[in-house]
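Each remark here refers to the structure printed beneath this line.
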Amino acid sequence: MGLITKSRIKSPWIVHYSCGGCNGCDIEILACLTPLYDVERFGILNMGNPKHADILTVTGPVNHRNYRVLKNLYEQMPDPKVVLAIGACACTGGVFHNCYNVLGGIDKVIPVDVYIPGCAPRPETIIDGVIMALKKLNEKGSKAE
Amino acid sequence: MNGSDILMALAALALAPLIGGILRGLDRILTARMQGRIGPPLWQPFYDFIKLCAKSKKASHRGPVVWAWAYLVLTVTAWLLFVLRQDLLILLFILAFAGASLALGAFSVRSPYAHFGAYRELLQMLAYEPILLLAAVAIFLKTGSFMVGDVLGFEQPLLISLPLTLVAVLIALGIKMRKSPFDIAASEHAHQELVRGVYTEYSGPTLALIELTHWYELVLVLGIISLFWVIPLWVGIIIALSCYFLEILIDNITARLRWSWMLTVGWSLGVGLILLNIVIVEFFGLGLRL
Amino acid sequence: MPRITFPFGPQHPVLPEAIQLQLTCEDEKVVEVTPVIGYMHRGIEKAAEGNPFVNNVFLCERVCGICSFMHALTYCQLIEGLMNINVPPRAKYLRVFWSELSRIHSHMLWIGLLADALGFESLFMQCWRAREVILDVLEMTTGQRVIQSSCVIGGVRRNIDGELAKTVFNLLDEFKKQWDAISPVVQKDYTIRARTEGKGILPKEQAWELGIVGPTLRASGWAHDCRLLGYAAYGELGFQPVVEEGCDSYARTLVRVREVDQSLELAYKALNNLPEGEIAVKVKGFPEGEAAVCVEQPRGELFEYARGNGTPHLERLKIRTPTFANIPALLVMLPGSELADVPVITLSIDPCIACTER
Amino acid sequence: MTAETLVGVLVLLPFIVGGLSFLIRSEGLRKPFVIAFSLVMIIASLWLFLEVYNYGTLVSNPSPVWEYLIFAVDCLLIGYFLYVGITNKHYLIILLAAFQSVSFPLISLPFHKQVKPVLYIDLLSVIMCLVISLIGSLIVVFALDYMRNHEVHHRVNPSRQHIFFFFLISFLGAMNGLVFANSLFWLFLFWEITTLCCYHLIRHDLTEEALGASLRALWMNLAGAVALIIGIGLSLHNFDTVVIQELISSGVVGPALLLTLALFCFTGFTKAAQVPWQGWLLGAMVAPTPVSALLHSSTMVKAGVYLVLRLAPGFVETQLSAAIAIFGAFVFMVTSVLAIGQSNAKRVLAYSTIANLGLIICCAGINTGLAIAAAMVLIVFHAISKGLLFLVVGTIEQQVGSRDIEDMEGLITKLPVLSGIALVGMISMLFLPFGVVFGKWAGIQAASEPVTTWFFLIVAMLVMGSASTLVYYAKWMGRLISCAPDSSGSSEVKAPLAYGTLMALAVLAVGLSFLVVPLVVNVIDPAAVAVGYEEGFKVVGTALATPWGAFPVWPLFVAVVLALVIPALVVRLKPAEVSAVYMCGVNVDERHLVFRSAVDGHVQVETGGTYWTQWFDELSLNKWINAAGIVLLAVLFVGVVL
């Protein structure tokens, strides 16, 4: 395993955007940072700035107003980058699928690499998803080189 | 400058980032432990650094990248001046130039967040510059020289006569290392109103450059602290590391405060302590001058 | 005076949710604030009209993932009122128990977020660690951590008895131990006080005039709490609302800190005094007529209104959430504050945008 | 040509040329004429410099006839000031001028001793002369283009340039005379002439603001002159001499001498606009920019510090010296702090000027060889850099239509050359290894030596002022370089003479900094030695060393080249790598600083500057600062008597 590959896998920085969910997934993502789950063990940091991030974690369904925000955040991230759809709503629209203002899952707007189901997914599931995303991240990175 | 100096400079160039990175790794582990977490591996800063280097470049225009280089090169210059046992004041002036470069890099993009960060960075410099410069003066008063080389040759430990100065330098150290309660311009973590302030517009390799500079800076600042006990030098190094530990501890038991508070502390407590120390040393003869 | 105008959100590290504050500053002083919403609007009220009324419990509790139990409770009480269902007393006590646990977990989460926005990382971590104990209790008793779905029309779905109750008591004791270590820090720490005291003042009269609700109102000196209405078992358990007179962010912090103690006490009380009997009654027929209900949610008064027409579908469901009522407070508190205080003041109303925009 | 002829040229030629350019009303004719004059001045001053450098201090005794002439001109000037006071109904001016009209004849008429030498031209004098003639001439040349544009902008018709150039050029002669003079009467004359020029140049635009500012400058400078006359009277009364050199080397340091010197220093402080006299210099910023550059930063205000520096050997190791040092350091600190809250570029520069003059005065007060050398270094480099900055601001003002720093945002894309020069100017004011900061460094090193009881206060104020300087200049630089992706291209109008002058000054600022070792070793140090101090600096290897530190010149230059110049040349971005700034995800597009806000409306991002007005508010700070300044001045006099 090359140094770059190893570093990439060991240092995933996250930017989180809450599209239009119910907060449940958002707090579960935050909970991942806290002592019980402590994702910093894997080098995961929540950066809050798309320009610094490798992984975009999105919760909630996209609606007519926030899809542009989501797209903009995605575009501002430097390559290689991956997108995680966290929770049922982000995957498909979930319980809000029939709401008039909801477009559906976030894959309607940006390419999604890993879907994490659940309402809300448990922190363990989310961590699992991030680890899966890392594989994709590395594939994308190596392809670019 | 002779051959051994050149060798030493090269070694310092190579070693400083290594030590700085490990210290940062330690910092993150210690911080995590204080927060009841396990924390990342020791080598985490290096992983971050290499990963950032391998990311694609993105910038608003070339200005910030140029200033990031200036920040790095000037900080390295200051470090070399230290290693080559040069003048402390010159070193601090160059360090100020480096710090200003960071702010200017943020200024060069018209982003409100970066601008706020840059203004606050300047305020931070306003708060700690006098402390560091005065500390150099206090050291001069004891040792009779501004040259690091002469300070290294000074027999009596400076800490014995300049304890208050060290306390003041700790304030400056806290500001310089962006630790609570002084992480006003750019906090370690992004959960701040400025989205990491001066670093907002940096990404990928340029951010890596800045991280690298932080490592040099950290080693340099700790080096300056270790001047307080140079014979034997390992005591000084232990003192510097304890100061570093203390900063991490303070970081974890305080919230971030406002710039006005920082400026007040820097200009009253910081400067005041050193002046008091100078007065005690000079006029009450605690520790004779050369 | 030069002005700095910029967007604060919708994506911003100190805002866990998407709301935009369009800020204009002079120096670092905020002079103009325009809250911009719509980033999280889904259209739940409309969707509720299309769902069978029984299913709406699950939709309603996803109005907000933090206080989901309260939303379910409110909707259930609404329909129960509409259909004249008598909920068994044991269910009422269990509802109080879960409500209060929700309140604790919400307040703990809030204190953590405040600490995080203040750069007090370790306090954030400790708060969230203690909160995990509460989540464990919730998961143990309902089966889920954040969206419990334990409240149904006519009662509750799960019972707490025997071994489970003992474990729950142990966990609550454990939480109390952790909380007793955290709460003095939140109340007394110099840096926290320096950052919150005198920041974001909401004068007493103005708070009432603006129709502010919940802890934000109570921190401005009004003893207003919907639990005084005595819904569920609150009438029998008895309690006094927590009131602070400080009117600033620190007072709002204190209200929430003291409410954690109070909620814990209520939870103990509810669990200790659980009446024997059924936990749910069967629901027959369809809702007809109009009803409205108020529930004290962690952020304040949650109001729901429904009109049924004798079919499985409601004709209208209206949800008015506390944050919606509290946003005007921001417009009073933010102008004139420092930029550094914007996160503190914004958080001090404990904004829940998911609620607000539904 | 003898050295005395050169002196004559340097002092008298400007008056002649000034008179001629008053007569020449044609711009086309004036231009080559003035340029030729400038060349002559530069050559003459360099020549004189070489003469003094090679053959030592030059003393000269012009014919006694000059004394009568000087007396006559002095009386005329005082009469004129009285007239100005009366026509403007400015009672303070009337009072001060009346006092002078009585006291001046009273003390000068009974005095009949032969004054020897009348002119005393040592290295310090020629350094000043070089600064005046070289930078002054460049500024005069710059003014040729500038004033034409100025009159076009302000729609002045008929042209009043002849009046402007009369005073501007004559002023150079007065300044040269001032630095050469050894007789206090001569000094007084030239002092008054500079006051006159200053008054007329400030009121040149004849706006209400300009008239008010000119009167304020006049009364404050007259107050200084009153102190000068009293000082001369005391000197005559106690020592029976008007010769500066005799006065300061009399050997007897008693209260009488110190009081006299303190009065002269007080005069110097008024000219150098030290707190609480800073008001006139700030007001003087209404004058056309060449005036600000020439009179109010690089030369005339330097007359004040020159006087203090000249007298410094007379009060070595006295309490007066310490008081002066504290006063200077105090001024340096407070004016640097005040500058942080300013957004008017010329006001920032004015505060920075006052601060640097304070620093020089502080060095003079520290009064060791190192400190005096540092003061001289500061005089030279500050004159270059500050002259440059004023001229740049003036040019920017003509092209942008504002002198507000806020309006200079992103100027680097609009006026790349000009902004580049401005950046060079500011960097040379602010950072190592450039001359001004070298002087500051030497100053701090000198201040660290406990020569007085209060040295720790001095050094504390110096470092605090130094940190403040960093803040306001860096802020300003930040405004200049702040680029938006949609910035439009260059729209620079490059007037050849103005731009040529700017380039020359920028090259001088950087080049002379690079040559600081030979400059200090060969010129500054000997100049300090010549006035009676030990050598401040020595050369160790490639570094310039003080007894306690070393300044490695070329390694620092290499570092700066590596840090800034090479990245600026090498770093380029591919179009694919350019991205919009972070705007919380609501950017409207890649190129514009516009975000989506309420009801999807587009809002322009504004990035105004920050001035922390609640802390650095001029109005609220001024009363405290002025009070402290007055107290310190009082201490200065009280300390003398004790």
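Letters A, B, C and D name the chains as they come in the text, with residue numbers starting at 1 for each one.
Keep in mind that, in the parts below, a contact is a pair of C-beta atoms (placed from the backbone, for glycine too) under 8 Å apart; a residue touches a chain by one contact, two chains touch by 3 or more.
Note that the structure is predicted; figures quoted are calculated from it, not measured.
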Chain nearest the overall Cα centroid: B
Chain pair showing more contacts of the two, B-D and A-B: B-D
Inter-centroid spacing, subunit B versus subunit A (mean Cα positions, whole Å): 35
Subunit B-subunit C separation of Cα centroids, rounded to whole Å: 43
Approximate Å spacing (C-alpha centroids) for the pair subunit C, subunit D: 65
Multi-chain contact residues (two or more partners), subunit B: 35-37, 56-58, 112-113, 115-116, 119, 189-191, 195, 200-201
Residues of subunit D engaged with two or more neighbouring chains: 579-580, 582-586, 605-607, 610, 612
Shared-contact residues (touching 2 or more other chains) in subunit C: 4-6, 8, 10-14, 28, 125-126, 129
Pairwise touch network: line, ring, star, complete, or other: complete
Interfacial residue positions of subunit D with respect to subunit B in the complex: 409-410, 430-432, 437, 441, 444-445, 448, 450, 456-457, 459-460, 463-464, 466-468, 470-471, 474-475, 477-479, 481-485, 541, 548-552, 556, 559-560, 562-564, 567-568, 571-574, 577-583, 593, 605-607, 610, 612, 615
Complex contact set, residues of subunit B against subunit A: 28, 32, 35-41, 44, 46-51, 54-58, 189-191, 195-196, 199-204, 207
Residues of subunit D that touch subunit C when the two form their complex: 343, 406, 583-586, 595, 597-598, 603-614
Residue numbers on subunit A that touch subunit D, as the complex places them: 17, 49-51, 65, 68-70, 72-73, 75-76
Subunit A residues touching subunit B - in the complex, by the definition given at the top: 3-4, 6-8, 10-11, 13, 34-35, 38, 40-43, 45-49, 51-52, 54, 76, 78-80, 141, 144-145
